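So that we are looking at the same thing, I have put the structure below in structure tokens.
Order as written gives the chain letters A, B and C; numbering starts at 1 within each chain.
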Amino acid sequence: MSLESAATIAAPVSRPNAPPKMQGEKVGVFYGEKQALFDVDLKIEQFNVTSLIGPSGCGKSTFLRSLNRMNDTIDGCRVVGKITLDHDDIYDPAIDVVELRARVGMVFQKPNPFPKSIYENVAYGPKIHGIARNKADLDEIVHSSLRRAGLWNEVKDRLQEPGTGLSGGQQQRLCIARAIATKPEVLLMDEPCSALDPIATAVIEELIDELRENFTIVIVTHSMQQAARVSQKTAFFHLGKLIEEGKTEDIFTNPKNKQTQDYITGRIG
Amino acid sequence: MSAGWVVAIVLAIGALAYFFAAQRARVQRDGTDRAKEVPHSLPTYHGWLAFIFATVPALLVYLVVSSVSAGLLDSRIRSEVTAHIADPAAASLSIGIVRNASNALTQLDLSGPNVPTSYAALRDMAKSAGITLADSGEDYMVPLAAGVNADAGVHKLIGQGLTLLLSLAGAAFAYSRIRLRLRARNQVERVVLCSLLGASTVAILTTVGIILSMLGETIHFFSEVDPLTFFFGTVWDPRFAAAGSSGSEGQFGLIPLLMGTLYIALVSMLFAVPVGLMAAVYMGEYASNRVRSTVKPLLELLAGIPTIVYGIFAVVTLGPFFRDLSAALAGGFSFIQAQSVFTAGIVMGVMLIPVVSSLSDDVITAVPRAMRDGSLALGATRSETIRKVILPAALPGIVGALLLTASRAIGETMIVVLAAGVAARINFNPFEAMTTITVKIVNQLTGDLEFNSPQTLVAFALGLTLFTLTLGMNVYALYIVRKYREQYE
Amino acid sequence: MTDAALPHAAVASTAPARRDFGLKRRHAAERRFRLYGVAAIVIGLGFLAVLLVSIVGKGYTAFVQTSITVPVEFSAEIIDKDNERATNPRVLVSANYPVIARNAVAKALGVATDDKAAMRDIAKFVSDGSRSTLREIVVNDPSVIGTTRNVTLLAAADIDSANKGQIDLTVPESKRKVSDRQVAWLDQLKQQGAVSTPFNWGLITFGASSRPETAGLGVALVGSLYMMAIVLLCALPIGVAASIYLEEFAKKNRFTDFIEVNINNLAAVPSIVFGLLGLAVFINFFGLPRSAPIVGGLVLTLMTLPTIIIATRAALRSVPPSIRSAALGIGASRMQMVFDHVLPLAMPGILTGTIIGLARALGETAPLLLIGMVAFVADRPTTPLDPATALPVQIYMWANEAERAFVERTSGAIMVLLLFLALMNLAAILLRRRFERRW
């Protein structure tokens, strides 16, 4: 495990003076009576990849899902504290959750294409959000999204075939294409490579690095190498608390906290 | 303008509203820069919202006005007729005549000065147009009918005007408030959600409808017949009285019917439970995949056959067969009657075999594999495992399943109507005919009926008894089965 | 279990110490237990076989109908004695056609028309339905009057039975419905080649009739068709809407629980109770007409709803949650998620459940008896508000008829009903096979 070398691949693009794209202040999440997340303060910088790491059950996915209110779909789930997107409180009752999710897209752990054609998969988001004005527009969005997701060359001749017929890695890139087709500002990725083989993983990681130019990305990952390879900022969660956050290279080379140190050296997790 | 036209016009207004609203939203959307301001909803949602505004309030108001109008007209007829006639029975007859007269006036298109002055004249005019009116009308009814028609016309005008106005106003309102950031989608979705909720309350309304309708008639019945003689009476002899004569009192004893019902259900369960249970066990534990995949659907065919077919099978084939068989066995004397508890019970039992076997199959497969493996690993044979481990573990579930089956047997109608006979008597010989609650409900309510006599009302009391009985069994059975399932989850 | 059959004694003899597990007895018990299982299945399937054989055996003859083709003389003397059809067309309708039919058969048999006794037997030889057959010919084309042409007439039900060999000729003549003379005539006509047994279209086109040979399922089929259409139009949308609400939107609370309890109980309420509901609510309260398919359809709708709701909810539940989060994740609203993704995927399951519910509704009899579908309806209904009967009710009514020929028709009608049910279930199975999706 060569953490140092891995960390240096991702060039830091921190712009310290730019305002954060998203910001969580004292975020807590309850599932019924049980509190799963405690007082998380985290800034998500624009056009950066922020990775959330930590052992299973540490609350990193919970935090991620609270960023586009996917937690709303779970009965009895309650979020306290404040999360802003460009200074707007996303839990404000005046916010339409559907619009929020159009701006903060999500890619899931297991590839979950709709059992429809590849074209329909990508076109669905633009259609419901009224992004395309006509068929040519829609075609253009679908094509460019597939191109950006690095899938175009593999599927350009079979856009009408079902998306479920693709391989696992292709399916996940299809899901990424589907997510970026609505032109979100932030892209949330919940362990996007955990169901994939190493080669497919490498392709996706490369893709994430390219997407960073246009999107702000938050990724939950189990693999520290992956966090080191793709992200500029890393946040370490443990037992529902945010233990440490900072530049990825700092976290991996010079963690301030003992628990972080234990985790990245493999003693907990 | 008929109600159909009003609805059609309102829907047409709605369609236009949809079209123009969507168009307006589209224009607004195309006129703005997405980077500066993002439209909230797709144009189609604006269209649907306008459609809803144009149709829903208008149609609701139309419904309300129509029913209020019907109530007003009804009470006007009633009050004027009762002013002439005191006797309630005669009054209700006269109210009917007035209604018919006013219908006739409408059909003949008579109003104002054209209305004839005497009832006889009206009747003759109606007759020449092919409309028959009752003979016993009186002259005061004609102006009343005409007046009611005039009222109805006014009400109709008000209702239709209000409806159309409201529809247009709704459309205009919805059109005027179209903005880029209007949350049209959320509002449309709220309306859809309300209709989904409405659909799911149909189940409640049905139950309420069943209980209220039967309760009302049953109370009516008990006002004429003492509940004690109904519930504890041992003689069933309703004696259909000739219409009008009130001299002949029937006897409405529930006991013989209840006994017949339970007896036949018992016979059918005695037949169906061992067969169904053993079939389920064999199919679940012994049968090869190939046998199972052919035998199971075949047995399920038995569940798909309508009960009328079983009933006819009992009457045409099995009943005569048992009768002839018993005659052959007893040397000429057929001790099994063609219609008997035994025949009905066996045929109903055949119908219940797949019910028992599929319910107990569910229950048996819910027993965890580990239990079965544990027993087999101790060296128990398969049948020992089934008898000593699986069946006892599944017992509560099986009891629940049997209760559900029994409630089916109690509520079954067509088989017993055809195979059990109509003789209401208390009798313990299974080879003779008995009758059931369901048979008597059918008997009392088929043919020409006079709705307010105890002879027909008793059917509702029987129905309510049946409903309560089966409801109790079902609720308890579902409760047991759920508890049982939770235990293994 | 196959190892039960192994020779245990041989295994035991090699064992160091022989312990008694009572194996012989236990294996015998095992075999017995298995036998019970086999017996149970044999009993079940045996009854199925007997039932089907008895119905088909009694009913298949109902699908053919003995007919007699004879030259019929459309005598102007009888039809229009005073030659006034040009001015009064009603004479053609009210003419004495049975006499024409009778004379035609008598002529074919060589019986003198003034032999009163023989003519009475001949009158019972052809169906009374020949009246309308001949009338139709004459009314459609009055120019046949005065000519002779070959017409195929229905044989009377008893003659039909005799021709199908259902009448025991060893019984003394006075105790059977067909006289020796009629049997001889039948043979005579057969030799002339005048008797044929074509497919009995009348069975599925005629309405109610007190004469078996002109009684058919026409009205019942139309009535059942209307009712199925009403059930489909009402129960499917309401059932799907209710299921969507309960499965996708309802919060877990008392009210939702109450709805669920209601649905589960309605599924187990005896069908006759729904008939009482229909009588009290639809007919007495809302004043809908008795015997009308609309009332039957509504009653069956309420009965079918729980079936459809239970099937739809199962189908919705089988759509994996990942599809739901995928849709929500790109900003679809819950409504869009349901209607764009979940519902289309659940559709095959929903339709399968609906077809099975419809099949059950089609065979349902008891509630229809209470709302007055037991009626003698000769003309096919044109709207769902007209009186009609239903297929199973027609079967019930025929089963109560005394005449022998109705027994055959009852079983024939059951075959028609079972055929429809088989087709519907087949459709459901094919649908399931075709669209079954494994996640």
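In this section, a contact is a pair of C-beta atoms (placed from the backbone, for glycine too) under 8 Å apart; a residue touches a chain by one contact, two chains touch by 3 or more.
Note that the structure is a prediction, hence the values are computed from the model and not measured.
Novice: Ranked by contacting C-beta pairs, which pair of chains comes out on top?
Specialist: B-C
Novice: So, comparing each chain's Cα centre against the centre of all protein Cα atoms, which one is closest?
Specialist: Looking at where each chain's C-alpha mean falls, the closest to the middle is B.
Novice: Could you give the separation in Å between the centres of chain B and chain C, each centre being the mean of its C-alpha atoms?
Specialist: Computed value for the inter-centroid distance: 22 Å.
Novice: Report, in whole Å, the distance between the mean C-alpha point of chain A and the mean C-alpha point of chain C.
Specialist: Spacing between the chain centres: roughly 60 Å.
Novice: Counting only Cα atoms for the centres, state how far chain A is from chain B in Å.
Specialist: Centre-to-centre distance between chain A and chain B: 53 Å.
Novice: Give the residues of chain A touching no fewer than two other chains, as numbers and ranges.
Specialist: Residues 98-99, 128-129.
Novice: Which residues belonging to chain B are in contact with no fewer than two other chains?
Specialist: Residues 185-186 of chain B each touch two or more of the other chains.
Novice: List, in ascending order, every residue of chain C touching at least 2 other chains.
Specialist: 333
Novice: Given the complex with chain C, which residues does chain A contribute to the contact?
Specialist: Per the stated touch rule, the residues are 68, 70, 73, 75, 98-103, 105-108, 110, 112-115, 124-125, 128-129, 175, 178-179, 181-182.
Novice: Enumerate the contact residues on chain A facing chain B in the complex.
Specialist: 96, 98-99, 128-131, 133
Novice: So in the complex, the part of chain C that touches chain A is made up of which residues?
Specialist: Spelled out, the residues of chain C in touch with chain A are 251-252, 320, 322-333, 336, 340-341, 345, 437.
Novice: Mind pulling up the chain B residues that touch chain A in the complex?
Specialist: Per the stated touch rule, the residues are 29-30, 34, 38-43, 183, 185-186.
Novice: List the residues on chain B that touch chain C in their complex, please.
Specialist: Residue positions touching the partner: 185-186, 189, 192-193, 195-204, 206-207, 209-210, 213-214, 216-217, 274-279, 281-283, 286, 295, 298-299, 301-302, 304-313, 315-317, 350, 353-354, 357, 379, 381-384, 386-387, 404, 407-408, 410-414, 417-418, 438, 441-442, 445-446, 451, 459-460, 463, 466-467, 470-471, 474-475, 478.
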